[in-house]
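The chains carry the letters A, B, C and D, assigned in the order they are written, with residues numbered from 1 in each.
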Amino acid sequence: METGRLETFADGVFAIAATLLILNVRLIPTADCTSLSCQILHAWPSYVAYAVSFLTIGIIWVNHHAVMRQIAQADRTFLMITVLFLMVVAFIPFPTQLVAEHISGGFDDAQASTVTYGITLTLTAVMFNAVWFYAARGNRLLHADADPRAVRGISRTFVWGPWTYLGLTIVAAISPYVGAVGFASFALFWVIESSVFGRDQQAPGVEP
Amino acid sequence: METGRLETFADGVFAIAATLLILNVRLIPTADCTSLSCQILHAWPSYVAYAVSFLTIGIIWVNHHAVMRQIAQADRTFLMITVLFLMVVAFIPFPTQLVAEHISGGFDDAQASTVTYGITLTLTAVMFNAVWFYAARGNRLLHADADPRAVRGISRTFVWGPWTYLGLTIVAAISPYVGAVGFASFALFWVIESSVFGRDQQAPGVEP
Amino acid sequence: METGRLETFADGVFAIAATLLILNVRLIPTADCTSLSCQILHAWPSYVAYAVSFLTIGIIWVNHHAVMRQIAQADRTFLMITVLFLMVVAFIPFPTQLVAEHISGGFDDAQASTVTYGITLTLTAVMFNAVWFYAARGNRLLHADADPRAVRGISRTFVWGPWTYLGLTIVAAISPYVGAVGFASFALFWVIESSVFGRDQQAPGVEP
Amino acid sequence: METGRLETFADGVFAIAATLLILNVRLIPTADCTSLSCQILHAWPSYVAYAVSFLTIGIIWVNHHAVMRQIAQADRTFLMITVLFLMVVAFIPFPTQLVAEHISGGFDDAQASTVTYGITLTLTAVMFNAVWFYAARGNRLLHADADPRAVRGISRTFVWGPWTYLGLTIVAAISPYVGAVGFASFALFWVIESSVFGRDQQAPGVEP
């Protein structure tokens, strides 16, 4: 099967999951804040959570792009693994909302929400690895002329994902605030890495 | 008419219906649970319902894919049947939410929610059969060179769908918990069947 | 400009507007209904409203399809008219919810909700006419070899739309229940008309 | 990398962000209004806010269209800048809801909501400039045969965007109502400008 319709479906899920995040940005009236401007300012964790999750899904989209360029065809197993992967990606808005609402609460609430966020992103990274390594193992679904260097490059980068998120989840369990900064920094790292080092360089998997 | 724009529209509905499911994943504060971590753990029926419905819509998408590969063109009746089919698919988030919120309630509530879920999936299977058999009857809309073996294979598999879901709905009316496990098992069966037997085999309807 | 990306955007709005309708299907606990099964049964106006609006958007999608097949290119004015048209289509979920929640209330509430629904659909039909006649006037944006019979056929059918919806809106102002049945019947009429007369006939605008 | 999948993703975000706006159109029962018809009439700021934001996103879509026609390829930095741009576009529903609910409240609330709206649109315009000038600087990502006149035309129009929105934001801080009228007028200006001057003229970036 060609991968065209698979990419359309995946892009749909990425776009919707990212755009739905805005529904979690909400003002929550508190005792301290009676004016609207105060409430808007105090909702900053919502905005940060929105930005971090939007960027994270955006990075997943950019990387999925790079992965699919190496892949020539899909079998039913690959479709199913992709559905499982998208299922975890589309789950991200839920823990995002938890973090947005509870990070500035007590320690226990901040911990519970950031750990849930971390577990979701760890699973996302695990499933993304499943998508990639199912396709790449023995060049099962790759283009006949896939560049071995690009393939090894993706493999080498991807294996770090789950461990990084697992590590950040453990950090969040110990110190939720440090964990939350970690999730945000990891997303920013990818954006900046691409912006600085990716400049003037074509997207991965593309021959000049 | 070509089927390209039809597939784009259908993929859009599948992707949105699946991704909207996350809006039903919500914490519901109860008397037993005051801490956030307790609430997150007690919301497990939400996560299971989310996963089962996401996988079910994912399987429908994979199968719709296989069906559309056999179909060469569309007439207005086919478009309308497809709209009716998508109408039922896009309805799935509603009974999913009912089950997520009421499966751990009393017998009557669990019964009402799982039976509603079952009726919705039975109708989905009925409409999917209508889509397929309208196109396949007398090769009305099929490719001139459609493989008769693949066509008979789809026909044989599809007719079981409504009866299986009707059976599970009756089971849910008698024992909601067994019915709920049945819906989940049926979705898992398809995922595993594809993962184990579909491996190294191309997606259906695709010539090598 | 080619019309490809315009159709993708329009199809996205149609698919999302139709799928979002499910968010309006909600159980509203009332004094009469304490059991879940009673609430599920009493929510039937929600299901009917969902179905009527989903079918209406589906019919708009099918007809937009037919229109775009006659159109060869787009200018900026055409893009803007299409954006205005989509703005009205994406508004449909709001009056749908009003009707679902208030049709079984008192006369005044039923009247206010069905008249709002009617005004929205009248505006939708007006904007759809604007889309078509802007493109068709003097063959401005049509294919050089557009079939004049097909073009006249669309023009003749389309001009009835706003008047029909305006008429139904006036009926709804006098008798909301008759008006609501009228909106539902008009949607069903289109589905059945296509199913019975469209069979074995190719979609409009397609040469054999 | 080709820009096809980028446009699909962007169109998805535009379509979803615009269509989600309808979720913000809600009746808010007040002491003055007990009848449904009164509530529907009093919700007019919701309708205006919906229309202004839908048109604004529609105009962004039309302009993004024009921009992408000049662009031949994408590098990773361009993808990331586009993700940041879409992140701000998908944020628009939030301040839209604030304005819809608070413009008819007291001065402070009207000010806080319109200024938040203005800041969001200013950032949108800034990011849209970043998208364009990253691609256009030294013809980095443009088509080899891009028309220099069209490129300069876009550059000249775009630089005004952030300043106009910044100016309107300052106006909104002084007089929220004048600012709100300004945002609406600016959207209408673009629609009318296109409708009157764009007629019979092909969309930008298209050779005859």
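Everything that follows uses one rule, which is that a contact is a pair of C-beta atoms (placed from the backbone, for glycine too) under 8 Å apart; a residue touches a chain by one contact, two chains touch by 3 or more.
As the structure is a prediction and not an experimental result, all values here were calculated from the model.
Using the contact threshold fixed earlier, the set of chains in contact with both subunit A and subunit B is empty. The pairing of subunit A with subunit D is characterised as different-residue: of all residue numbers used at this interface, under half are used by both copies. Summary of the copy comparison: rotating subunit C onto subunit D for the best CA superposition needs 90 degrees, to the nearest 5. Mean C-alpha position of subunit A lies 26 Å from that of subunit D. With centres set at the average Cα position, the gap from subunit A to subunit C is 37 Å. Taken residue by residue, subunit C touches two or more other chains at 8, 12, 16, 20, 23, whereas all remaining positions touch fewer.
Taken as a contact graph, with one node per protein chain and an edge wherever two chains touch, the assembly forms a single closed ring in which every chain touches exactly two others. Working note: touching chain pairs come out as A-B, A-D, B-C, C-D. Residues 7-8, 11-12, 14-16, 18-23, 25, 27, 35-37, 40, 50-51, 54-55, 58-59, 61-62, 65, 69, 191, 194-195, 198-204, 206 of subunit B touch subunit A in their complex. Against subunit D, in their complex, subunit C makes its touches with residues 1, 5, 8-9, 12-13, 16-17, 20, 23, 73-77, 79-81, 83-84, 86-87, 90-91, 93-94, 98, 102, 105, 108-109, 111-113, 116, 140.
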